[in-house]
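Right, one structure below, let's go through it.
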Amino acid sequence: MKSTIKKIAVLTSGGDAPGMNAAIRAVVRSCAYHNLECIGVYRGYEGLIEGDFKELDARSVKNIINRGGTFLKSARSDGFRTKEGRAEAFKQLKNANIDALVTIGGDGTFKGAIVFNEEFDFPIVGLPGTIDNDINGTDFTIGYDTALNTVVEAIDKIRDTANSHNRLFLVEVMGRDAGDIAINAGIGAGAEEILIPEQNMGRDRLVASLKRSKLSGKSSSIVVVSEGDQIGKNIFGLAEYIRENLEDYECKVTVLGHIQRGGAPSCYDRVLASRLGVGAVDALLNGERDVMIGIVHNKVVSVDFVESLKGANNIDEDLIRVADITSI
Amino acid sequence: MKSTIKKIAVLTSGGDAPGMNAAIRAVVRSCAYHNLECIGVYRGYEGLIEGDFKELDARSVKNIINRGGTFLKSARSDGFRTKEGRAEAFKQLKNANIDALVTIGGDGTFKGAIVFNEEFDFPIVGLPGTIDNDINGTDFTIGYDTALNTVVEAIDKIRDTANSHNRLFLVEVMGRDAGDIAINAGIGAGAEEILIPEQNMGRDRLVASLKRSKLSGKSSSIVVVSEGDQIGKNIFGLAEYIRENLEDYECKVTVLGHIQRGGAPSCYDRVLASRLGVGAVDALLNGERDVMIGIVHNKVVSVDFVESLKGANNIDEDLIRVADITSI
Amino acid sequence: MKSTIKKIAVLTSGGDAPGMNAAIRAVVRSCAYHNLECIGVYRGYEGLIEGDFKELDARSVKNIINRGGTFLKSARSDGFRTKEGRAEAFKQLKNANIDALVTIGGDGTFKGAIVFNEEFDFPIVGLPGTIDNDINGTDFTIGYDTALNTVVEAIDKIRDTANSHNRLFLVEVMGRDAGDIAINAGIGAGAEEILIPEQNMGRDRLVASLKRSKLSGKSSSIVVVSEGDQIGKNIFGLAEYIRENLEDYECKVTVLGHIQRGGAPSCYDRVLASRLGVGAVDALLNGERDVMIGIVHNKVVSVDFVESLKGANNIDEDLIRVADITSI
Amino acid sequence: MKSTIKKIAVLTSGGDAPGMNAAIRAVVRSCAYHNLECIGVYRGYEGLIEGDFKELDARSVKNIINRGGTFLKSARSDGFRTKEGRAEAFKQLKNANIDALVTIGGDGTFKGAIVFNEEFDFPIVGLPGTIDNDINGTDFTIGYDTALNTVVEAIDKIRDTANSHNRLFLVEVMGRDAGDIAINAGIGAGAEEILIPEQNMGRDRLVASLKRSKLSGKSSSIVVVSEGDQIGKNIFGLAEYIRENLEDYECKVTVLGHIQRGGAPSCYDRVLASRLGVGAVDALLNGERDVMIGIVHNKVVSVDFVESLKGANNIDEDLIRVADITSI
């Protein structure tokens, strides 16, 4: 089959994630490799509506593979949620002679793509770019590995103080619906307890467990709390409760916040983003559309958008057991 | 003068700071160098009262120069604030044949030392170990340089997101009474505005300035807020106020918190801690007491404890001007 | 089946790798969890022969998950290559009532284990601990992910200079027989060319390619060279050849060397090491022996030692293509 | 005095150093602050001759404070060593209506400036940008603090392996004529011995010292060698000599090389660069010329170019003593 695609646009949408720049670069260079034109769209779907476009050649993406964030910027777009907005976006694409679109982002990004494709039958391929690793059909999302390293490095620092002062620290990490960051970073940081939305521990079990830890000789503790966890949602209230019920233990709270989104991407995320970016252009040239390009057992795969939205993979039970055992 | 000091104890007190381990190591190795015995006291003044001592030889401090926190641990001691507590501490020192003490910490640590020396005429030399750089008579305190790097690296990460989303971030940094961390890290991180306790900017001037920034073409902004700053003390309220008065600007808050205390010390802090640790033992052997060992214009100096407590150096006016100019 | 294993020894052997401490910790804590005794063996097989043992309980491995190297140390053992040495090692194990052994290391480590098991029918389970990722039957070895990040961060620094001076840098990375580090770090660092043992590029093709790069507008270049690559083996000679054949391009060499082995492990390596350490004790309790515990598609698996020695996985052809495309 | 300066050019020259971008940014923004035009000159004096200029406004230097290298690039210029070349450069400056020049670099950069000023009476102010800290009249040069941190972090990694294998590592660090990097990074990294050009230790004294270290119970050692040190100049020969004369000690060599020049600047270097950049424009507006702007006891100062070339400050004897004591 000879592809009729001659010009591809690329945009980033939703929360930024480390490796998005590497993914854009791979899309741009893959276009150059296949002698296609490539257009960068600024500020996600919002820029699509406004026609905020820029031609990108191979040299225009040099020295960005190591940078966090997205140089194409990202934005929420209320406009793209309306039929009029999407029609305007389609017009901009047509006016610019763009034949296909690569969207990099999370589930919201893909939902928009599905609707757009239904309405205008426009070829779109997505790449999973989010630190949350909450996309079905790919083992890893772009940015997740970097976020884990950022969290673990931050907790390593906090542990210095926890150890020096025999203190208990509650550390809140990102993950609205998925405990992936919490469970992995918790194991990696050697946390005593890990509170995730997928499990409901309850305050009393937590306090009981911390008491046992102390009796077993632990002089300091780190509890990693996913922002999506029920009792963790009021992390300062949780700290108060622990203070009331656990004597002799100073309890402090740190909310890691937005440092988790930024930073130079890890090698893994750069390679993943490069592979998926190349895979996106391959897929478009192969006539695929309405799919996300993901990685499964170290192979690049295509997944229907609809499939990708079936929620995050469940937490691996093995990880919960490993967390229990290694924190004994 | 022949010194009669044969055995020196060392402890860390107050909040931990990166480089404390390097300072302990230098004290221990300096004792070994001068053929003195060295005793580590665990958990600061509290351990002094309890006689929580351990003999330290040159090898016992290997591989700690690069570690944050303090392996001797630190603790608040209510006991040492009482005459009885201090009497008990003195008894412990006498029982262990300890002739002098090196205390590493901040102003609270030195205040305790002054009282103790008045009551028991016991030789004490202090080292400034605190990330706050709020000790008079030394250009830098141990841990300050590392904390600045930690803050700047964290804000670099936040800036990735700020840039990607055209957002405003308020970032709270440590510094209860002194804006040193805020002003230096603010310049280093390229902050648009820096709120410090030494200056009272006022919310309206802040908003006016942010408006000007936006008009001048800035698409994102970082505002560094010292925890000691008046309007910054309610940083979430400040964010709310900005949201109400600055349209089109998403405003987010990140409180860096305890990550600022930990981490591997910078080269500067390791060298500073090593020099001051050696200087502490030198001073004791020279018959000095009741002094802090500091660094002034890259030379090791002795400063009376009383002098050291005269509050932090004022913010250098030059820094405020540099912050204004470079954030234009 | 009721296991008769009551006491497990653990050792690290061969070159150190980041995450070995995390693996030891997981073995020790898993023993504690199952109410087994755990013995640490110092300096690998050499310490086994000498009976250099230490009992390890859950608390004895605190605060090591984040440290590079191996606190049990590693060493080459000529003795263990002799029948007498192995007999002595067996005697030491029997004398200490040790029922099984966990060895953490690379192919040499597993070869020793196979012979030992043949001779003395002693239960041994291995964990793949090496930065080279050259073990069959596991997707990743412990330490590999960290080494990739270390290499990429180092090249990011070198790129600052390459860009500033329009220079060509040859950067030698580890990998005696396998190009995994080179190809992945090369993609991750945005290298122009990647020389790996699995491919034979030839000096002339390299120079021709660099000339094309220059014509296409590249002002600086990074060439990543695996230490196992034929033309890379004389990297300084290669630099000379390039200088003679590529005008106007200053060509510099950096041999990254041993910095690639050390450093705090990445989150991935910490979690991997924790899972495999737990898996090793599980396997022994299940009556398995003569196997390596690995990870395949994110699941912990057992692999016969003999299988594990069948050489590294081949370089994924997809990676070579991605490298070609993204460096256009 | 009313300054007649309306347009300032800025360039970087010589080896790149972290913080050069921060210095350029400060010059550019300081010009904007004073309503002056600012011109960036690419590739140092070479670009001056060729008229490779670009107008820089306040926004054009955003998001560069945290980047290593120099976005204006640097280059050696044989042309500027000739009278004709300098005449051409002067013509370019006149044609572009440039009234003054800020040069950022090392001693070679300042030498060029002196000659140029003699010939054409053109106002030039210099900033010390070099990792070597070998400029007289300033306590620190831009990039030096960052390089120290880079070296110490690299040696921390090497130490993981040294400890794990009971090995001796020789680590070569930069510093052609000055041992500043070696002595400070050596103390900071906890090196056993430090070889610097300012001291001549001799191979036999080194071996004797290493033997003593071993007898005293040290199981591994790091020796930091300045590239300018006489016996260190053949570091591989030195390793061979040590192997022959020190039994049972594996001896490895690592040449850190160009990773020392790159990387995100430390907070200190960013603040220093910002202050000196602002100071350069202040000086020009005050009618100063032929001076370097430096930092002395934390104050910005002006130093005659001629003075700045009087060689590096000597190594502080106190540092040598601290190195001896803390490595006991």
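Letters A, B, C and D mark the chains in the order given here, with residues in each chain numbered from 1 onward.
In the analysis below, contacts are C-beta pairs under 8 Å (C-beta built on N, C-alpha and C of every residue); 3 or more make two chains touch, one makes a residue touch a chain.
As the structure is a computational prediction, the values presented were derived from the model and not from experiment.
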Neighbouring chains common to chain A and chain B, by label: none
Chain whose Cα centroid lies at the greatest distance from that of chain C: B
Chain centre separation (chain A, chain D; CA means) in Å: 39
Geometric centre distance via CA averages, chain C-chain A, whole Å: 28
Separation of mean Cα positions, chain D and chain C [Å, integer]: 35
Shared interface positions of chain A, touching two or more other chains: 156, 159, 163
Graph class of chain-chain contacts, one of line, ring, star, complete, other: ring
Contacting chain pairs - touch in the sense defined above: A-B, A-C, B-D, C-D
Touch list for chain A against partner chain B, complex: 12, 15-16, 18, 20, 43, 67-70, 73-75, 150, 154, 156-161, 163-166, 169, 252-259, 261-263
In the complex, chain B residues that touch chain D: 25-26, 29-30, 32-33, 58-59, 62-63, 65-66, 139, 145, 148-149, 151-153, 156, 159, 163, 184-185, 187-190, 216-218, 264, 266-268, 270-271, 274-275, 277-278, 297-300, 316, 318-319, 321-322, 324-328
